[in-house]
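Here come two complexes built around chain A, the first alongside chain B, the second alongside chain C.
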Partner chain A sequence: MKKEVLARFLVVFFVTLVILIFVLGWQKNRSQHTGTILIHARMPENGGWSVTSITGETNQPINLRLTSDDVVHGFAVGKSDQPTVELIPGEFVETTLLFDEPGTYTYYCTRWCGPNHWRMRGTIDVQGEEAAVTNPPPLYLQLGIDIDAPHEADVIPSEPVLLQKGAAFAEDLPAYVFEQEIYLTNSPANVWSRLRAEPDLSALSDEDVWNVVGWVWQENTSPAAIKTGESLYAENCAACHGETGEGDGVMVRDLPKPEAEAHDMDDPHSESTTAGLTRPHDLTDPDHLLGASPALLSGKIIRGGMGTGMPYWGPIFTSQQIDALVSYLYTFAW
Partner chain B sequence: MKLQVTGSDLINRIKNKWWFFVLLIAAVLIIFVPLPQAQAAAVDRHLRIEASMYQFTPGVIKVNRGDKITLDLVSMDVVHGLSVDGYDFELIADPGQTQTAAFIAEKTGVFRFRCSVACGNLHPFMIGKLQVGPNLMFIRAMLLGLLAMAAAFWSLRKPFPNLKEVNH
Partner chain C sequence: MNRIDLTRFPTTNLLLRSRWPQFLIRAITLAGFVFTILAGLFGSVVGSHNFAIIFVWIAWWSALKLFFIPFGGRSWCSICPIPMPGEWMQKRGVFSPTGKGFGLGKRWPKKLRGNWLQAGGFLLIGLFGAVTLTSAKVTAIILFFIIALAFILSLIFERRSFCNYLCPIGGFTGLYAQAGPVEVRVKDKQVCAEHSEKTCYTACPWGQYPLALKSSADCGLCMECLRVCPSDNIAVNLRPWGSDLGQNTKHNPGEVFLGLVMLASVLVDSVVFLGPWGQLKTAAYEVGSLPWLIFAGVFLVVSLGVLPGLYSAAMWGAVRLGSAKTTFRKTLSKYGQVLVPLGLMAWIAFTVSFAFVKFSYVLPVISDPFGWGWNLIGMSGTASIGQSTSWSGWIQILLLVIGLFWASRVTQQISESKRQALPIIAFSGVFTVSMLWLLIG
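Presenting the complex of A and B:
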């Protein structure tokens, strides 16, 4: 009988041991990931981010565990210097976010993952003691510019614009052309008309006045800004606007071309002749680009839309990044 | 029925099977003899390959040996890659960012190129073909097939030697 008791005791002991191993392992695993938010990234057609809103507090780290379920995605937080995290299918990455200012932040996918890639966005609501910083409204709202209105240039250069040639006339120019305010709120075509009307510059040929305008535009930016704009454009814009800016990017190949002035905002009965979305405008078309002021272009980038599928970049790009992009866009014109 | 094989019998059998040896030698020749190839002068080729889920367009590239091949990889939807089996060559392209690289096709044969970045559930089947020089395997296989057909007709024309032996 003693042997039987021993055997029973052993059976009970081993069964308990097996159960304990699993329970302890599970608990250990759970305690490791408490306070960590698990986010799965999927193509927008399959649901996008599995978590689309996160709340946090200032100076409290937010731990994230990220993975991709299908294709290569990227994770980044707009208007912040948190590093971009690459999400490879089947791999887990951990990252920690730390915000020192309260506010609502947007996180977004950084790698093209389909035509609706830009819809992959979520928000992080950061609460804090100090009041949220309020930025002044963007320039296009301050000026009341209608960014949907057609903005064809009255005049366009008949020959290629040579920026260096414009520098030769720097001393003859009126002082206002160097004001940043003038650059931001005027289209190149406007500035050209204004300079053309100056009696002091009547000796210059039309082409030389264009060279001056191109040079003034170049003076209002820097090579570093153009470089930043170029890389932002390649990563975020070129898939639709085309690598050369012609509006023929791979994502919009099947869409119809935009028809000039097909849509009139003031007429409630006016409808775009093409149902649904159109391609973006050709940025290399001087008629279109030289009639736009930097304020107008940055407004378009901030708000998006315009009858196309353009996303809004306001919550993603900093104002410096938008200025850099705008200055890069003008390089398509010269 | 003969139970013992005599010397003259063996010679007879071998004599009757001469065609078998001819066949064997022809097959070995077809498989191993280097075929005379017209070597085209090496040229620079600039190719554009569009990668979309889940195919390469064009999916078959034919070049000559020694050609310098410059590839533009254009991604149409998500991040795709292109790596060529047997060559140390890889490209990864995001939509809107065409990637370009060049290599010299110094190895002849048929090589697969595959998508090297997981791009969805059918990603493993995203394959294309790079053919450098003539497709020798295909030519040899065709010749072997023709030889087999010729041998079949030959054996039908002549009664089997073994049967003749059993009959007399």
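Presenting the complex of A and C:
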């Protein structure tokens, strides 16, 4: 009987021991990370970020403890210098965010984790003494451009555009060509038509006028900006728009080709699945690209597509980044 | 008889006879079982960081096939914690019986006897295998369900009814224990014949009478008979592998079905987990979806249709090529033992293909069992997907070839003529070639 009592005690002891390890571990885990926000990253199909809204104050650190529950994700905050944090499944990584300006920031996933990857977003509401900096509305809104309307170019070059050749005519060009506003608000095709109508330039061939337009577009950006645009494009756009801009990225290869500008916005499926979505337009198609002004292109980037599945980048890219991206897009046309 | 009786040596005799070593191991495995359920329910959802997934499906499942069965037959059953709580109630003692216990003590229904339910359970695990093997929560729920079921059944039915007739792992280990090198047998039959009390049978949780024990399939190596025999007439023998296979042992259709289900399961597991077919893996994972239903349908057709069909065809051939005395049903049962070495070696080969590669996950999950970012023994984050070495491939080929050779030898031993053995050897050959193709490619 003594043995039986000892045996029962041992069974209860061992079982209690493991339960105790679990309970104490659980509590320690919780107390160790008080003041830290725990965020689980999951593919949007599995629920996305476990926390989608965070509040904080300016110059007060926000401590985050991040992990992924399924595949490799990335954590980055839009419009901030915060370095991207890589999230390996099952492993924890800690990071601290610090904001010196109040406002609403967006955090997002930087890895193409699944078809709805871009829906992995959350917001950080940063309060502060300072008044939030109010940016002017984007140009496309100021100008009232309908970014969903068709914008086919009236004319397109018939030969490859040679930007350096356009530089030769710099001195003959009217002053307005160099105004930034003209660049921002006009499509290359528009500017071409205007220049073509200039009596002073009637000696130029159609091709040379295109060379001039190309050169003007190049003058409105810088090699550094194009480089920035190129890397932003590769990281964020190429998965759908394709490395070469042809609209054949890996995420959309199986989708139907676009039919003009018609999107079925009433299709409820297009909100949460890829049903009803189409492949993006071919950016290397001059008919399409040369009819778009920088204001229109940046509007599309800021707001995203309507029913196309293209995400909105307004809360993520700074206006410099968007300008850089737009200037890179035009390199597809020349 | 080329047996080594472990009870003849004082040390092993003490280790087997004393209840303490076995009891302590079972108490620890019971605690481990509870811990595994907790880790599965509350730990990381990432399988490679959860104790439940790594310990159940990598460590234990591999150890069962690479160590416990090939070197100890049903040795796992002797330390399995699952029947422990129920037996505590049944015997009113967790260490030794202390009087009349609780429970209705009913006999297990005759219709439900045999290996049929165990085979069905194993099929079910296979159908949901992709989810079970990757989801710690599902693993924990299944473990909890199993231990709860074993407990409830032990209150209704006598002895280890759950282990005997339901436990899918019991079916698996029991089937292959026939090839294992350990057995419990009586030393001198005369002594038993003169002893009228049958204390061993009364004490046996498995309902076995050691004198009548011909096959190790039904003996859980619990050693209770050894402890209660007043004449010290029980031997625990080390024996040559495959001793239960041959002319003298009886086999039944239930066992044949179990053997075929095991063959089908190892084929399907190889296809799903090792094959290069991503869509199939996805289908196996999406339980309830149309692709999964197709996968389940194919699985069931293979295990209930194709393999039994091929086996029956081989049996039909064996009947035709044998003398007129034998019947189809008898032949079917008799050759069931061929499936034992064939299946066992296939399971070992299958396990070799992933066990060494995945073994590096074991220490990290001891270091951080719940996947909460702990580092108890400084081994967290050291997991790396090991290299599948070339010798692993050669070992798999060797194991499968041994399996085929072994199965063919058993076939010849129990056949009337070489001619009669041919169809069954052909069946074994087809299976081995399929496994070779799946594992080695």
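What we mean here is this: the second predicted complex is superposed on the first by the 286 of 334 C-alpha atoms of A that agree within 3 Å, B and C clash if a C-alpha of one lies under 4 Å from a C-alpha of the other, contacts with A are read in each partner's own complex, and residues count from 1 in each chain.
Everything below uses one rule, namely that contacts are C-beta pairs under 8 Å (C-beta built on N, C-alpha and C of every residue); 3 or more make two chains touch, one makes a residue touch a chain.
Just so it is clear, the model here is predicted, and its values are computed rather than measured.
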First (chain B), second (chain C), both or neither touched by A:A149: neither
Chain B versus chain C as contact partner of A:P89, first or second or both or neither: both
Partner chain(s) touched by A:V11 [first = chain B, second = chain C, both, neither]: second
First (chain B), second (chain C), both or neither touched by A:L38: neither
Chain B versus chain C as contact partner of A:L20, first or second or both or neither: neither
Shared chain A surface residues [contacts with chain B and with chain C]: 70, 89-90
In the complex with chain A, residue positions of chain B that touch it: 74-79, 94-98, 117-121
Contact set on chain A toward chain B in their complex: 43, 70-72, 88-90, 111-115, 234-235, 237-240, 242-243, 249-251, 253
Residue ranges of chain C touching chain A (in the complex, touch as defined): 19, 23-24, 27-28, 30-32, 34-35, 38-39, 42, 44-46, 48-50, 84, 88, 93-96, 98, 370-374, 381
Chain A residues touching chain C - in the complex, by the definition given at the top: 1, 3-4, 6-8, 10-11, 14-15, 17-19, 21-22, 25-26, 29, 67-70, 89-92
